[in-house]
Amino acid sequence: MMNVYPFVAIVGQEMLKKSLILNVINPGLSGVLIRGDKGTAKSTAVRALADLLPEIAVVDGDPFQSDPADPKTMAPDVRARFAAGEDLPVRRRKVRVVELPISATEDRVVGTLDLERALKEGRKTIEPGLLASAHRGILYVDEVNLLDDHVVDVLLDSAAMGVNTVEREGISFSHAARFTLIGTMNPEEGELRPQLLDRFGLCVHVAGLNTPQERVEVVKRRAAFEENPESFAERWGEETAHLRDAVAAAIRLCPEVRASDEILLSIAERALKLGVDGHRADIVTLKAAKALAAWNGRDAVTLVDVDAAASLALAHRMRRRPFEDVLGPHAA
Amino acid sequence: MMNVYPFVAIVGQEMLKKSLILNVINPGLSGVLIRGDKGTAKSTAVRALADLLPEIAVVDGDPFQSDPADPKTMAPDVRARFAAGEDLPVRRRKVRVVELPISATEDRVVGTLDLERALKEGRKTIEPGLLASAHRGILYVDEVNLLDDHVVDVLLDSAAMGVNTVEREGISFSHAARFTLIGTMNPEEGELRPQLLDRFGLCVHVAGLNTPQERVEVVKRRAAFEENPESFAERWGEETAHLRDAVAAAIRLCPEVRASDEILLSIAERALKLGVDGHRADIVTLKAAKALAAWNGRDAVTLVDVDAAASLALAHRMRRRPFEDVLGPHAA
Amino acid sequence: MMNVYPFVAIVGQEMLKKSLILNVINPGLSGVLIRGDKGTAKSTAVRALADLLPEIAVVDGDPFQSDPADPKTMAPDVRARFAAGEDLPVRRRKVRVVELPISATEDRVVGTLDLERALKEGRKTIEPGLLASAHRGILYVDEVNLLDDHVVDVLLDSAAMGVNTVEREGISFSHAARFTLIGTMNPEEGELRPQLLDRFGLCVHVAGLNTPQERVEVVKRRAAFEENPESFAERWGEETAHLRDAVAAAIRLCPEVRASDEILLSIAERALKLGVDGHRADIVTLKAAKALAAWNGRDAVTLVDVDAAASLALAHRMRRRPFEDVLGPHAA
Amino acid sequence: MMNVYPFVAIVGQEMLKKSLILNVINPGLSGVLIRGDKGTAKSTAVRALADLLPEIAVVDGDPFQSDPADPKTMAPDVRARFAAGEDLPVRRRKVRVVELPISATEDRVVGTLDLERALKEGRKTIEPGLLASAHRGILYVDEVNLLDDHVVDVLLDSAAMGVNTVEREGISFSHAARFTLIGTMNPEEGELRPQLLDRFGLCVHVAGLNTPQERVEVVKRRAAFEENPESFAERWGEETAHLRDAVAAAIRLCPEVRASDEILLSIAERALKLGVDGHRADIVTLKAAKALAAWNGRDAVTLVDVDAAASLALAHRMRRRPFEDVLGPHAA
Amino acid sequence: MMNVYPFVAIVGQEMLKKSLILNVINPGLSGVLIRGDKGTAKSTAVRALADLLPEIAVVDGDPFQSDPADPKTMAPDVRARFAAGEDLPVRRRKVRVVELPISATEDRVVGTLDLERALKEGRKTIEPGLLASAHRGILYVDEVNLLDDHVVDVLLDSAAMGVNTVEREGISFSHAARFTLIGTMNPEEGELRPQLLDRFGLCVHVAGLNTPQERVEVVKRRAAFEENPESFAERWGEETAHLRDAVAAAIRLCPEVRASDEILLSIAERALKLGVDGHRADIVTLKAAKALAAWNGRDAVTLVDVDAAASLALAHRMRRRPFEDVLGPHAA
Amino acid sequence: MMNVYPFVAIVGQEMLKKSLILNVINPGLSGVLIRGDKGTAKSTAVRALADLLPEIAVVDGDPFQSDPADPKTMAPDVRARFAAGEDLPVRRRKVRVVELPISATEDRVVGTLDLERALKEGRKTIEPGLLASAHRGILYVDEVNLLDDHVVDVLLDSAAMGVNTVEREGISFSHAARFTLIGTMNPEEGELRPQLLDRFGLCVHVAGLNTPQERVEVVKRRAAFEENPESFAERWGEETAHLRDAVAAAIRLCPEVRASDEILLSIAERALKLGVDGHRADIVTLKAAKALAAWNGRDAVTLVDVDAAASLALAHRMRRRPFEDVLGPHAA
């Protein structure tokens, strides 16, 4: 409904932009947490991301975004049609960014069952929720640290099982719900529950720009955009097209990227030295490094990729040390 | 229903009056927070503002205030009629001030869906809420720091997305909801949540007048008004008309106002020196300075405009410093 | 339902009685807060006040107490009949004292909409609440500091806007609701929210009498009243009639009372010296002083009136100083 | 349903027994609060009181206990029949002791309106609550300090106004509700809200007996009662009859008892010396002293009566001093 | 549903077993609180008790366990049939142990009224709760200190009045509800409310056994029981039969047991010396001592019985002294 | 729905894997609590366990998993059919792992009764909950320390009684519900309630691996699994088959395993020395030792088995000592 500010027109904030692009290249990174002051480009960047997203194939008319190529994760009725040999109608569309407002009720997130119709018509009638819309896409939560506890529980269950279950008075309905979770937060207003923190593959700290010249540039571009969004978008059109092509190329290259044993050892040693919890850190670092390599057009991970990936994947998983010490230099 | 005290008859309180007028000149300033003691002219000034508001065009009969010139933000059924080529009926009316009482329920703010009728008649039947009424106008919250948390969440979601979503048992309905938010608060009764604070473009501190002569004048005018509101309004009629014309002229001039690079740099340096969060501060300062220039009949921003704008836009965005130190001299 | 103890038979407590009488003379004083120990004459005095109240004209049969002379504040259906040229039936009755019990629900205070009938019969069917009954009268809350927060919110909204809004599932109905708010409280059981405190025009402190002779008189009269309320009332009948006449005369005189500039200046200086918040204090002091002058049969305010008025209007509006220091001497 | 232990068979506890008898002699004392250890005779004494209660006349078949001699306090429909000249059927029955269990809901205490029937049959159908049953009788609350806050609010409203109001969705129904409130509490489990404390006319402290001989007597009588309640009651029958006659005589004499001015002065001085709040203390002391005089067969209050009355009426109304110091000697 | 471990096969824990047996011999002891570590034989012993319980006569088909010999405590409809001269059908069955799960709702404990049927069929239709099932039997609450406050209130009301009242929207139904209350608790997880503590006649502390030999015996018997519960029960059959006969004999003898005045004096002195609250302690000690005498086949209480009874009845009623000091030696 | 990572491909974490296998060998161990950092293999291991589970016989079509060989624990209607001599249809299927999401409502866990149908059709219509599905299987709760208190109560009741009761408005339905409870928790986010802790037979602490080589192996296998789960499973197929056979053999052998008196004494002495609560510890240690012996192909318990069993069964039952001290070395 609103005109979207172009991703490429965002001044500075390289770490933020990179972390978002890496998640587009490899959705297996399962999201990024953007920490930072109010009034920085956090929301702008996430909304702008829509421009860069690739297309996916979905079963046409299915509110659960079923993948025509993966029967195991299809919605129950789609799977039944597939099993019955029906030739499912397929539509290609862009990966979606679904916004989860902090005032959203659990019902809106999970979906609801219309019990009366279910009883009357003898079949489950589900009103899909935001988790159904976000399946195979991006779920964006602004001020994620202010989310209601019940909604956080639902996100965690869904992230853990890849499934969302709608229930009412004992009748239930399940569908696949896997998404890239992008959240922003202002640490002044409280921290995240540790489990939710751990669900974000990457974490980046964002601060206001600190040279007057950059700040002037921000204000100028914003004013130009507000005055005439269409012509502003046009002005940045070519650069946007280039970025989109680069992302598409990286998506194609990423599965081919390989990492040597030396690289893997380097990742493990880093995690051990920093005192990181568990193994998810190592796995995410490797995935981010591969996505970075692909982004740089290489089919092998280098130590430079590992350095950059570790700075995004490890800091929020360290035990008992303040974030700021570690994130400070990268954020600067 | 009540007789309104004329804006021009308010004694003193220049900063308060200026901050309100600037928001009328440029609604992009997105509101003002009025902090101050009880019993000052806070509510009086906001209600009096109605006299000075310009007219806008709305689709006649549409409870969602659709703009006949902007299909993207029309209410769904209006947009459908527009798309079908219907010649929409247009009515011009004043910009509205909608009051949000602190006892208002979330339902009253957001609106409700009549589910039974929706089911029976097969189409969504919405009872519009205060956010629908306030679209393209002013939403006024007296004692905004006492608002229920759920209602604050709804205001924040609406401010962030420009959209309000009504839902009930999984059925939902969305409409555009953009408004200038004006709030008053008495800091003795608790502070605002930081996010909500940040949503107010400007912030002004109001105190009781401190010369006996001014206080006598306040009492005299109030007594005269209460004795005979109509004749009181008449007495101030000419001055009101002048102010209204001046506001109208400024509204017309504002889009033409330009700011030099030197001005922009000065704004950025100020924000950096004061340690303000993010970039919204710079953008609001520029907008306020432009509105001030227009108010003064100039088509270029001067450093004097920046000074005045910064005093309204920056103080409530500074980190870790008490308000009083900064606001004190301006408020005096 | 109960026999009422005569106002004139209350022993001592001159400040309490005066503050109540002033509110009858000028309802614009908007009420009085009576602070004091349990078991003093607080409730007795308020209930006894009924005897002294003047008559007003109301539209007969209208549960919203519409004033036949003020179309702007009429209930919607009455206004419609008025607009249609109907000759509204008028009834004269005494100003009412409506009691708000502390166990009252928000529904009982605000009123309710009978939604089913509304839907079936196609028109709003409202069950008026206590605010409808109290319009143009006195709303009395015993132990006002124990009132439920939701009910306080409703009182504040109504006091601020002069309007009460009944709503249910998005359907709403508004009617005028202006009243003199009289509350009692025992400070041992907690203080008032500052906003609610500010809504009371006057504040008076009540303590038990401290000479044995007065206490004996209290007990004797109480015993006589309980033994035979009718004969007791008769015994005080003449004195009651005198007081009623004096009140009626003061009501007629009050609008004629004038205050010199010297008087106004004296009020403003007093407020500034005591560090009172805002300007409501000055305005209330002036009104109380005028009512006092009328009570004393004068058509001009004197400094003695100001002294007495200030002792009732200022103490509860001072910043950061304990009540007791200021109220002590007056209460003694 | 249970066999009741005879009042006269309670060992010791003279203050407790006296305070209960005084309330039977003069219901205007409005109750007694019994503070003390668990396992003392508190509940036993209250239940045993039933034996001593006088008869009253009620309108037969009326669940609201309407007094056929007092139209002002009749239930609405009874008053209507009375007004229509109907010869109301009268029944004499004992004053009742109604128990309020601490798990009682507000509905059970207040009563409910059957809205559906009310709508269907066009008249208010009320299901009377415990307050209706207790009207003109005794309301007994064991462990009164554990009562739910909502129920306490309802008791306070009813005690303050003498009226109980049942409401549901805006429809309401009121009936007279005046009762003697008897409560027990174990101070170890928390104190009473000050207002509720003040509603009890008298207060008595009860402790276990402290000679082995008395304790043996308690155990013996209890064992005899449990073994054969009927024969036990018979054994105490004569003593019970004597007490019942003595109470009846005192009830008749009480209204004739007079107090000299010297007596009244002595009461007032006592209250002032002890720093008691307000005047209710003086009034209750006088009433208790009169009841004591009547109990002793005298028609004039003596200073000895005042001494005994004051020990029951004043201690729980003193400010800022521990109960124990004052109650200790009397309770011993 | 589960196989029950035989009471006689429990290793050690003599105090626990004795306190349970005493309650079977004399239900007037009104229960026992079993305090102790997790994993001791607490639940096992209570469930095993079922084997030892005597038979009672009940009105066949009555869910309220009406006693055919006691019209006063019959359920209303049974009493009506009795009054109408019906020859009530009688059934003999064992005293029941009813378990109250900590997740039980108040409805499940109290029972519910089916209002719709009540209205339609014009008579009260009650769904009996656990209190109805437990009448005249044993109510067992595992982890009684974790019970919901509302359920505790209901238990206390029922224990105090011997009656349970089911109500819904003003319609109510009462039935007798007297039971022996047996509760277990682990003091690590919080103490009991003092009132509930006082409702248990006896209290016993249970700890794990502290010789390796006893512990091995526990493990061996448990393993044998789990392997083949039927043959295990058979192995202990004779011992169980002996115990059952001994209990039955004690039940018959108990009402004949007498206590001399010397014994009574000794009980009273003990209670006074220990600073026990009230008189319930003395009464319970006497009852327990009589049950012990009966258990030992004597028809007169000895000082040895008093010693043992006091150790079970007094410790949890002492004021301001830690349990452990007193219970320690007895529990060892 | 998801591809499951093979149990045998988990790197390291021997204690974790052993504790799970022991519970499969002897379900009487009643579960294991897995404490540890986030991102370790906790969930992976539990889900992988499904591969190793044996088959059981269930009554076909019965949602309550009735055992055709155990009439006492059959669901009511199945028992009725069995009693009527019906030849129940039997199906063999694998023991199930049922996941309990932390957002699950009490209804979903317990099941619900469809009251309307129950009333209309005259028979209880139950919608079985997770406890019905988990009967005779494994109930898995990820982040068990975050479970809602009401759900914990339900689990405890079910664990204590072996029965689950569904109720609604007084109608209730019970079915057997016995399960192995497996929970994971991150101690950083709060501890378990002591009772729930005690319900887990075993407890194991899991930490991240601490050699770079092992960490690399974890990452390599994970990457291989994500790239192609099917071929990964195939690669580990033989090893999985071996493990499954070993488990099946141990299940058969376990009931034959015997423990000498020396072994039993050693267990008891250990428990006494460590200051463990109650006797459940001894019993669980014995069962775990027997399962270990069976796992090692022996039919007699050795002291080595006791050592290993005690390290899993005793630490979480010790009083007042930090877990870490005891678990540290075993977890390393």
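First chain written, first letter: the chains are A, B, C, D, E and F, and each begins at residue 1.
Here is the rule we go by: contacts are C-beta pairs under 8 Å (C-beta built on N, C-alpha and C of every residue); 3 or more make two chains touch, one makes a residue touch a chain.
Computed from a predicted structure; not experimentally measured.
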item: Neighbouring chains shared between chain A and chain D, ordered by label; value: none
item: Minimal step count in the chain contact network, chain A to chain E; value: 2
item: Chain at maximum distance from chain F, centres defined as averaged CA atoms; value: C
item: Angle (degrees, nearest 5) of the CA superposition of chain A onto chain F; value: 60
item: Chain C and chain D: spacing of chain centres that average the CA atoms, whole Å; value: 34
item: Centre distance in Å when chain A and chain C are each reduced to the mean of their C-alpha atoms; value: 60
item: Chain B-chain E separation of Cα centroids, rounded to whole Å; value: 69
item: Chain B: positions in contact with at least two other chains; value: none
item: Pairwise touch network: line, ring, star, complete, or other; value: ring
item: Cyclic ordering of chains (reference chain E, direction chain F); value: E, F, A, B, C, D
item: Residue ranges of chain B touching chain C (in the complex, touch as defined); value: 1-2, 36-41, 43, 99, 101-103, 105, 107-108, 111-112, 114, 127-129, 142-143, 146, 186, 188-189, 208-210, 212-213, 215-216, 218-220, 222-223, 226
item: Residue ranges of chain D touching chain C (in the complex, touch as defined); value: 28, 72-73, 150, 153-154, 156-157, 160-163, 165, 167, 169-172, 176, 193-195, 198, 261, 264-265, 267-269, 271-272, 276-283, 286, 317
